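The following blocks contain the structures, represented as structure tokens.
Okay, so chain A shows up in both of these, paired with chain B first and chain C after.
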Partner chain A sequence: MDVIVCMKQIPDLQQIRIKDREPILDNVPLVWGDLDKNAIEEASKIKEAVEDVKVTVVALGSDKIEQGILEPLAMGADEAVLLTDPAFAGSDSMGTAKVLAKAIEKTGSYDLVILGEGSTDNYSGVVASALAELLNLPMISYVRELEVQDGKVKAVRNMEESFEVMEADLPALVTVAQEINEPRLPKFMAIRKAGAKPRHEWGPDDLGLAADEVGQNALSVETLSNLAPEQDRKNIILKGNLAEQIDALVDALTKEGVLGR
Partner chain B sequence: MSEILIYSDNDGTALELVSAGKEFAEELGATVSAALLGDGAAGKADDYFSYGADKLYVSEHPALGDFYVGTFAAALQQIVESGDVEFLLIGSTKRGKELAGRVAQKLNAGAITDANAMRVRDGNLEADRYSYGGNTMASQVVTTPKKVISVMPKTFELGPSEAKQGEVVNVDLDLEDPPVKVVERRDKAGDEVNLEEAEVLICVGRGVQSQEDLAMIEELAGLLGAEIGCTKTPASDWEWFSEERMVGLSGKKCKPSLYISVGISGQIQHTVGIVDSKIIVTINKDENAPMFNFTDYGIVGDYADVVPELNQKLKSL
Partner chain C sequence: MTEADEEKVEVVVVGAGLAGLSAAYVLAQAGVDTVVVERGDYPGAKNVTGGRIYMHPLRHYLPDLWDDAPLERHVTRETITMMAEGASTAITLDNDKFREEPYHSYTILRSNFDRWFGDKVAEAGGFVLPKYRADDVLVEDGRVVGIVMGEEDEIRADVVVAADGVLSLIAEKAGLRQAQQPKHFAVSAKEVIELPAKSIEERFNLGPGEGAAQLYFGTLTKGMLGGGFIYTNQDSISLGLVVGIESLMEREPKIEVHEILEDFKARPEIRNLVADGEIVEYSAHAIPEGGINAMPKLYSDGIVVIGEAAGLGLNMLITVRGMEFAVASGVMAAEAILKAREKGDYSADSLAHYEELLKDSFALQDLETFRHVLGFMENPRLFNFYPQAVCDIFTELMWIDEKPKPKISTTVIREGVGKFLNWSTIKDGLGMLRI
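Presenting the complex of A and B:
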């Protein structure tokens, strides 16, 4: 059985600083999204539970991905497809889905495609849905428990009002929620071995895509501005011993008119 | 004349969008329609007309019994392509959000999800959504001929309603049985809380060490008339709370008069849910917690000391 995991490098959100409301991305390292790690972890668990599973990571990112790709390979992936061509940079969600679909088709065989339920940076959730449509796959989103058996996938997904237990025949696509597992930290030896696993780098030509069909040249959504919301807070840290702090707090809240409504 | 089509699996959210869509339609010189899909769809028509829908597309096709994203996307695609729909606005519930990308792909359209504000701009609809994990707010427009935008529940208020009739189109959809079956539905414990409406909100984070400590927080909530919410960990990982009480990027967006954070570090994924609060109070023992940057009044201290003391004081008032 062939399991495909899609991953995308994103800027480390903890390290983004804001200056004059502009996000500063220079020197911010690229990392895997948290949910991407849940996706690769789940694929590795399937590989451990089911016989004869091959896990392929299809990863989007910059040329700096070379080091980063060792992590999913060490976590259990057998092979990696790197989509690092500069032509792919700046793709929006629909563009990303198109590139992923072509790459997954080119791998030749896919029984189960796993993604995080959203990217950790934008959380738009569009890529997985568009990808399922392009590959014409049944889709189960927001999965917190997953079972693969006898050509079927059974999943529990987390909805607003209920947990839904859903079933589909393979091939299928699922998106996983953060609570589905605890991604493993790869051991040193596994990282060393990961360096020897096969990797392919595919650009637009390999995927049969023209330059004007990808990246910045094929945007369906235009971003007009992207600034930090303005913050206007008093930032008062109350001083004194605990009793004094509490008195000052209750005083302040009373004056603000937010107590005793 | 172009058309704004509304769909949500949550009728309340759909009616908010109908109300807002009516205003946008006036500015754009468009009309507002809505899709009513699934069992009992026809019976909802009066409500949708009363909030301003000009036209309703109704189908109770058997394949629309349980929500399956691919089937509902096919239904919406057929409705959009049968008329002059330019904008498809979908309620950004979990189902709505997965639907947006799928129907957009069917329509060769761009999609924006989780919009939390929207306005008319140069004959298009401009939407705001959080970006970079909530660090920034992106203002975006879809540039394809058909445009799909999913809009967060409660982004718009329900407008006035008046008895009104309009055109009902019983659409004849060509749909296959869903390839994904719902084999069981486990209802979550009935937690009928509405954090978005709370005037006072207390949220707890992973700094709260034990479930027993919730007692003092519940006492504080009682004294303040507050609702209790939480960050992701206490809901998803510890399951102390239903997800109805999760506040932030993947939870509720609240705008109380008074918000108190207890043991919350202040990651952006949570703070986007509370930045519109009038007054923000933070209780955290780590003076470097980013939460203090979002704070009006902060106490650096262990909640286990601060909260009981605050409760005593409030009782004495």
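Presenting the complex of A and C:
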């Protein structure tokens, strides 16, 4: 059985600074989205539970992916497809889905495609649905429990106020929620050996896509602005001894409606 | 490669600071299978310096590294300021030598530099493993054979290089260092304050790319051992201070380091330099001050200790050094390991070559030469009496009011004799001869 996991490198959100309401992305290290790690973890678990499973990671990212790709490979993936061509940069959700679909088709065989329910940067949550459409696969989203058996996938969906149990014939596509598992921290020797696993780098040509069909040349949605909310600091300096300062703090917080609601 | 070899590396370096990366760089270039384990998100994520690196020793030890290194400004002006209550006196050195290439020293931001250096190590063939923390050493038959990470991970190696910084856990776990004394450490707090390059150049009177290094001592540390510093980076200013941990512990009433830093920043001498800047980074760090008296054992079977983990840092009163020691010790450890590798012998006897190299270099010789500086600096008069006395004399000379002024010589002799001719100052003067 062939399992495909789609992953994307994103800037480490904890290290992004906001200046003049705009995020500063220079020099911010790239990491995998948290939910992407849930996806690869789930694939690794299937590989451990079911015989004869091959896991392929299809990863979008920059040329700095070389080191980063060791992580999913060490977590259990057998092979990686790297989509790092600069032409892919700046894609919107539809563009991303198109590139992923072509890459997945090119791998030759796919029984189960797993993604996180959204990327942790823009969180449009659209890519997986578009990808399922392009590959003409049944899709089960927001999966918190997953089981693969007898050519079928059985999944429990988190509907927030209820759980829904669904089943689909393979091939199928699922998106996983964070609660589905706890991604493993790969051991050093696994990371080291991951370096020897096969990797393929595919650009637009390899996928049969023209330059104007990918990345910023093929946007279906235009981002007009991407601003952080404004936060004015109150700049209140409390005076007096500790007891007085605490009283003044409680007063100020009550006045702001933070306390005593 | 045999099956057994696949489960082990040749060298594991703990800590991606300047020492660890330097060792790894030399080893990787020589084709040694080297892994650097770093607990931060990337090399440099947790590394701090005040802000300036002296280049001449570094070019000697790593000649090919520096051309495209992300350094900040080359320092062209050195200022030392004595701070008293409500007054300060500064001495500035501006020398054309500082403007000659190759430059003497640069300001530096370690989060940028170390990350770049980590990439260099990887390019050279080393393996840098961030977000993994070494918690212990693996010991078999009395010799170190690797490191333990977390509950169930380990890396086996021919040699462990402990480069895990000032409070080195690895050197301690390997039994190479004793419990530490507070008097051998200082604590530093530092802010990086962002400002446009043009503002920095105007405020500090600098040409493009030129930098200023300023040290402050006196009342800013409120009688405690220590001092303040400012270094100009390309688009930011590093501002901070250092206080002896023992002085801080013994002080009554208690005071927090960040309060001292706030008071320092509020001084009119400092306030205007950083006005309208945005604080983009705040850090605190321990600094070794014990000098040669506080060094651990530097090697044992299967392990060497380098950089601040080895206590290699030196406060020479008017210059503060650590990074050159880190690089030099890293390179020398790598050389010793390469020699041990040729012999296939990583025993203590074989690795002792590292200490021999250190002894022949500036690193241990400077530590020896300046071994009495710490004792000298424990004198509180250095931080309250002298800066005040100097500022008083200058104020007396500069101040014009309606009363007739005495001759300059009269003022200098009267004030000078009054303030500086007594048993304490003579004793301090004699003490100074030891440093």
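The definition used in the following text is that the second predicted complex is superposed on the first by the 232 of 261 C-alpha atoms of A that agree within 3 Å, B and C clash if a C-alpha of one lies under 4 Å from a C-alpha of the other, contacts with A are read in each partner's own complex, and residues count from 1 in each chain.
Note that a contact is a pair of C-beta atoms (placed from the backbone, for glycine too) under 8 Å apart; a residue touches a chain by one contact, two chains touch by 3 or more.
Keep in mind that what you see is a predicted model, and the values were worked out from it rather than measured.
Chemist: According to the stated criteria, A:Asn226 is in contact with first (chain B), second (chain C), both, or neither; which is it?
Modeler: The answer is first: A:Asn226 touches chain B but not chain C.
Chemist: Looking at chain A, does chain C or chain B touch more of its residues?
Modeler: Ranking chain B and chain C by residues of chain A touched puts B first.
Chemist: A:Gln67 in the overlay: touching chain B, chain C, both, or neither? Say first, second, both or neither.
Modeler: Second partner only, chain C.
Chemist: When the two structures are overlaid on chain A, which partner does A:Ala252 contact: first (chain B), second (chain C), both, or neither?
Modeler: A:Ala252: touches chain B, not chain C.
Chemist: Touch test for A:Arg192: chain B only (first), chain C only (second), both, or neither?
Modeler: The second partner, chain C, only.
Chemist: On the A-aligned overlay, A:Pro29 touches which partner chain: chain B = first, chain C = second, or both, or neither?
Modeler: It touches chain C, and chain B stays clear.
Chemist: With both complexes superposed on chain A, which partner does A:Asn241 reach: first (chain B), second (chain C), both or neither?
Modeler: Once the two structures are laid over each other on A, A:Asn241 reaches no partner at all.
Chemist: What residues on chain A does chain C touch that chain B touches too?
Modeler: Overlap of chain B and chain C footprints on chain A: empty.
Chemist: Could you pull out which chain A residues touch chain B in their complex?
Modeler: Residue positions touching the partner: 11, 13, 16, 18, 23, 92-94, 97, 118, 120-130, 132-134, 138-142, 154, 158-169, 172, 175, 177-179, 219-229, 231, 233-238, 242-243, 245-247, 249-250, 252-253, 256-261.
Chemist: Along chain B, where are the residues that touch chain A in the complex?
Modeler: Residue positions touching the partner: 69-70, 73, 93-95, 97-102, 104-106, 109-114, 126, 129-133, 135-144, 178-188, 199-200, 224-225, 232, 236-237, 243-244, 249-250, 257-258, 268, 275, 278-281, 287, 292-301, 305-306, 309-310, 313-314, 317.
Chemist: Can you name the residues of chain C that touch chain A in the complex?
Modeler: 6-7, 9, 35, 41-42, 112, 122, 127-129, 132, 149-150, 152-155, 278, 280
Chemist: Please output the residues of chain A touching chain C within their complex, sorted ascending.
Modeler: My answer: residues 12, 15, 17, 19, 27, 29, 67, 185, 187-189, 191-193.
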